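Worksheet for the structure shown next.
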Amino acid sequence: MPDHVYKVIELVGSSSVSSDEAIRNAISEASKTHSHINWFQVVETRGHVVDGTVAHFQVVVKVGFRLEV
Amino acid sequence: MPDHVYKVIELVGSSSVSSDEAIRNAISEASKTHSHINWFQVVETRGHVVDGTVAHFQVVVKVGFRLEV
Amino acid sequence: MPDHVYKVIELVGSSSVSSDEAIRNAISEASKTHSHINWFQVVETRGHVVDGTVAHFQVVVKVGFRLEV
Amino acid sequence: MPDHVYKVIELVGSSSVSSDEAIRNAISEASKTHSHINWFQVVETRGHVVDGTVAHFQVVVKVGFRLEV
Amino acid sequence: MPDHVYKVIELVGSSSVSSDEAIRNAISEASKTHSHINWFQVVETRGHVVDGTVAHFQVVVKVGFRLEV
Amino acid sequence: MPDHVYKVIELVGSSSVSSDEAIRNAISEASKTHSHINWFQVVETRGHVVDGTVAHFQVVVKVGFRLEV
Amino acid sequence: MPDHVYKVIELVGSSSVSSDEAIRNAISEASKTHSHINWFQVVETRGHVVDGTVAHFQVVVKVGFRLEV
Amino acid sequence: MPDHVYKVIELVGSSSVSSDEAIRNAISEASKTHSHINWFQVVETRGHVVDGTVAHFQVVVKVGFRLEV
Amino acid sequence: MPDHVYKVIELVGSSSVSSDEAIRNAISEASKTHSHINWFQVVETRGHVVDGTVAHFQVVVKVGFRLEV
Amino acid sequence: MPDHVYKVIELVGSSSVSSDEAIRNAISEASKTHSHINWFQVVETRGHVVDGTVAHFQVVVKVGFRLEV
Amino acid sequence: MPDHVYKVIELVGSSSVSSDEAIRNAISEASKTHSHINWFQVVETRGHVVDGTVAHFQVVVKVGFRLEV
Amino acid sequence: MPDHVYKVIELVGSSSVSSDEAIRNAISEASKTHSHINWFQVVETRGHVVDGTVAHFQVVVKVGFRLEV
């Protein structure tokens, strides 16, 4: 089995619905340009507040994918 | 554009429903006494367990709001 | 009131549904072998990605329970 | 059972006697203005040295209390 | 010498000029409402970028002041 | 000299007397079930507050012991 | 309002003048290839010393920009 | 595919040969009592020095294994 | 001397031989697409375990290279 | 008032009595060779366990003193 | 090329002018007694406040220099 | 048994061979001037890259030794 190398990029997904949806949005965006995404890792969960309610969850994720040899 | 100053306070929201709801509860409470809330940041997610199931999600959040000049 | 001692173990719950469900799965598993579970604390939220979508949320939790005297 | 919200404030207690006493002094001061204090958490332990001996222990504590609805 | 208790609050100062100026703005604002400010500690330095240049330095500071007995 | 392997477990000792006593209580409990305890390391110091005074110091400790071959 | 996704890259700006200038240099370089830069966050401040004086401030910054849909 | 739960334990492997060997020793010991070990993660690398040379590398590792349903 | 700007990317090298080899594999892969690599920094050391032995060391590294002006 | 420079050294004090006494022992030792000690800061609290009881508290402290011009 | 060893010391520079100047003051002091200083790294930025304004920036820096063989 | 005090210094060892060898080089250098070295602890592993390959592993270590009474 070969010794793979992976790259990790950092994205911020946002969603007005939920923090999980913000993660899914980031992964969805990443999958448009990277084809071997394997895992993600949450770095930070933040959000934007408008008129006293949560307008957007913003989740910073590291996304890892295998580099093609 | 003036140089604003923001204050950051730390709250713990709790919810028997979900961790996102715990965040919303904290923001809702903060908005009763602070009028320019801009953002929140999750510091820690904990919870209380009763009879082997999650009774409450408890999410520690930092909440930032602009100070009025 | 006596001075209790608690033990903390680390589990990783997974769920294809949501990160909260991953936590609940870990607590549910822990409650099979430990009877006085009191609290949990999220250590890290990760996930597995298959075909560009989140296949599993994986949440690392510390789970605390009282030791019986 | 309602979903409570708690506030967390940061204090520095000092004591020439011991680090535990510095904590107690901070809690004692906090209890003058907040009535539902539930827990504290030590953030940092520092101290002031005069003439080669510890003059004051200074303990930074986060203090959590329930907000009244 | 009595055992003082200090309170620590968190502010975000901003400045279009420099990061040091952002700190000074936060301290200046804090001194309007607190009279015994003793020290500050930088928690994080961030900034807002507009049209490819730094529009505002935003410095998160903890500000400590002695509570009056 | 053989290459030993050690296990590290996490306990929370509590004490109404002092934070050091909370540590001793955790070690005392651990020594009931583990015979080669070598060291401990404080992870966090917290406490429970009742009626404005510290009711219990709660010290999270990692406890290390040699595994018997 | 759509749910944007942002990318975060890490750069090290250097400057013989000041640490703020090192940040501005990093942002300036990033803006050559990325058009929607929104914010930066200082990760670390280091520097190179030659002949006992600071030759270069080196500031590690995370730079965030919106991905175009 | 079911939602697995994993347990994470903390071990310290030691070796007079190398830090990698210390990791292998910890995994080897863990595999005596746990059958589904999946991954490890280095928490800290320390060592014991005798007569001015490294006598033992001591590597603290978290070891994760799947709990059998 | 000009004020250079560097970019930092995050890679995960793997190796069945050693953790150092995992680092070298990551650097080797990075050098295929980036020509001015200057330094690396280990972020985390993990590994994959199969049948009770270390199958792969996986080392997360940040890799820094000078951007060409 | 001149711009002072301070040096910070790291010591580990030990005591069979208490963790505070371990701090005092470290400061006492430091004061034998440094005359302007100003402050200390606890980095870590560990201990040595013998026969199931705490034999020594070991407290890692940073000790700061003003350099004489 | 030989395998150099470097020593890292921790200093706190202070300045009433700016945080960069506090760094320069620390380096300047260090260069009086160490001849091969190579780099510095900011550990923390604090300050002293008098009468509601910043009296001194205090920057904790690690300073690295090559040990002469 | 007396209450010993230990000093901790920070060194950076380098090696073109391996990261373990970089640690050994740092310990070897430290042992020239300090006679009671007891332990080391890895703070960070970095390296220098030349022509796309690792030229030097650089390991930052804390080295602890007992102060002679």
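When the chains are written out, they are named A, B, C, D, E, F, G, H, I, J, K and L in that same order, and each has its own residue count from 1.
One rule holds for everything that comes next: a contact is a pair of C-beta atoms (placed from the backbone, for glycine too) under 8 Å apart; a residue touches a chain by one contact, two chains touch by 3 or more.
Nothing here was measured: the structure is a model prediction, and the numbers come from that model.
What is the minimum number of touch steps required to go from chain I to chain J?
The distance in steps between these two chains is 2.
Common contacts of chain K and chain L?
Common contact partners of chain K and chain L, which must touch each of the two, are J.
Which chain's centre, taken as the mean of its Cα atoms, is farthest from the centre of chain B?
Between chain B and every other chain, the largest centroid distance is to L.
From chain G, which chain is the farthest off, judged by mean CA positions?
F
What's the distance between the Cα centroids of chain C and chain H, rounded to whole Å?
21
If you average the Cα atoms of chain E and of chain L to get two centres, how far apart are those centres in Å?
Going by mean C-alpha positions, chain E sits 38 Å from chain L.
Distance between chain F and chain G based on Cα centroids, please, to the nearest Å.
Taking the mean C-alpha position of each chain, the two centres sit 44 Å apart.
Among the residues of chain F, which are close enough to touch at least two other chains?
Residues 9-10, 19 of chain F each touch two or more of the other chains.
Let me make sure I understand the interfaces: which chain pairs count as touching?
A-B, A-C, A-G, A-I, B-C, B-D, B-E, C-F, C-H, D-E, D-F, D-J, E-G, E-K, F-H, F-J, G-I, G-K, H-I, H-L, I-L, J-K, J-L, K-L
State the interface residues of chain J toward chain D in the complex, per the touch definition above.
My answer: residues 19-20, 23-24, 27-28, 30-31, 37-42, 63.
Chain C touches which residues of chain B in the complex?
Touching chain C from chain B are residues 18-19, 44-49, 52-54, 57.
Going by the contact rule set out above, which residues of chain A touch chain I in the complex?
Contact set of chain A toward chain I: 1, 3-10, 62, 64, 67.
Residues of chain J touching chain L in their complex?
9-16, 21-22, 25-26, 29, 56, 60
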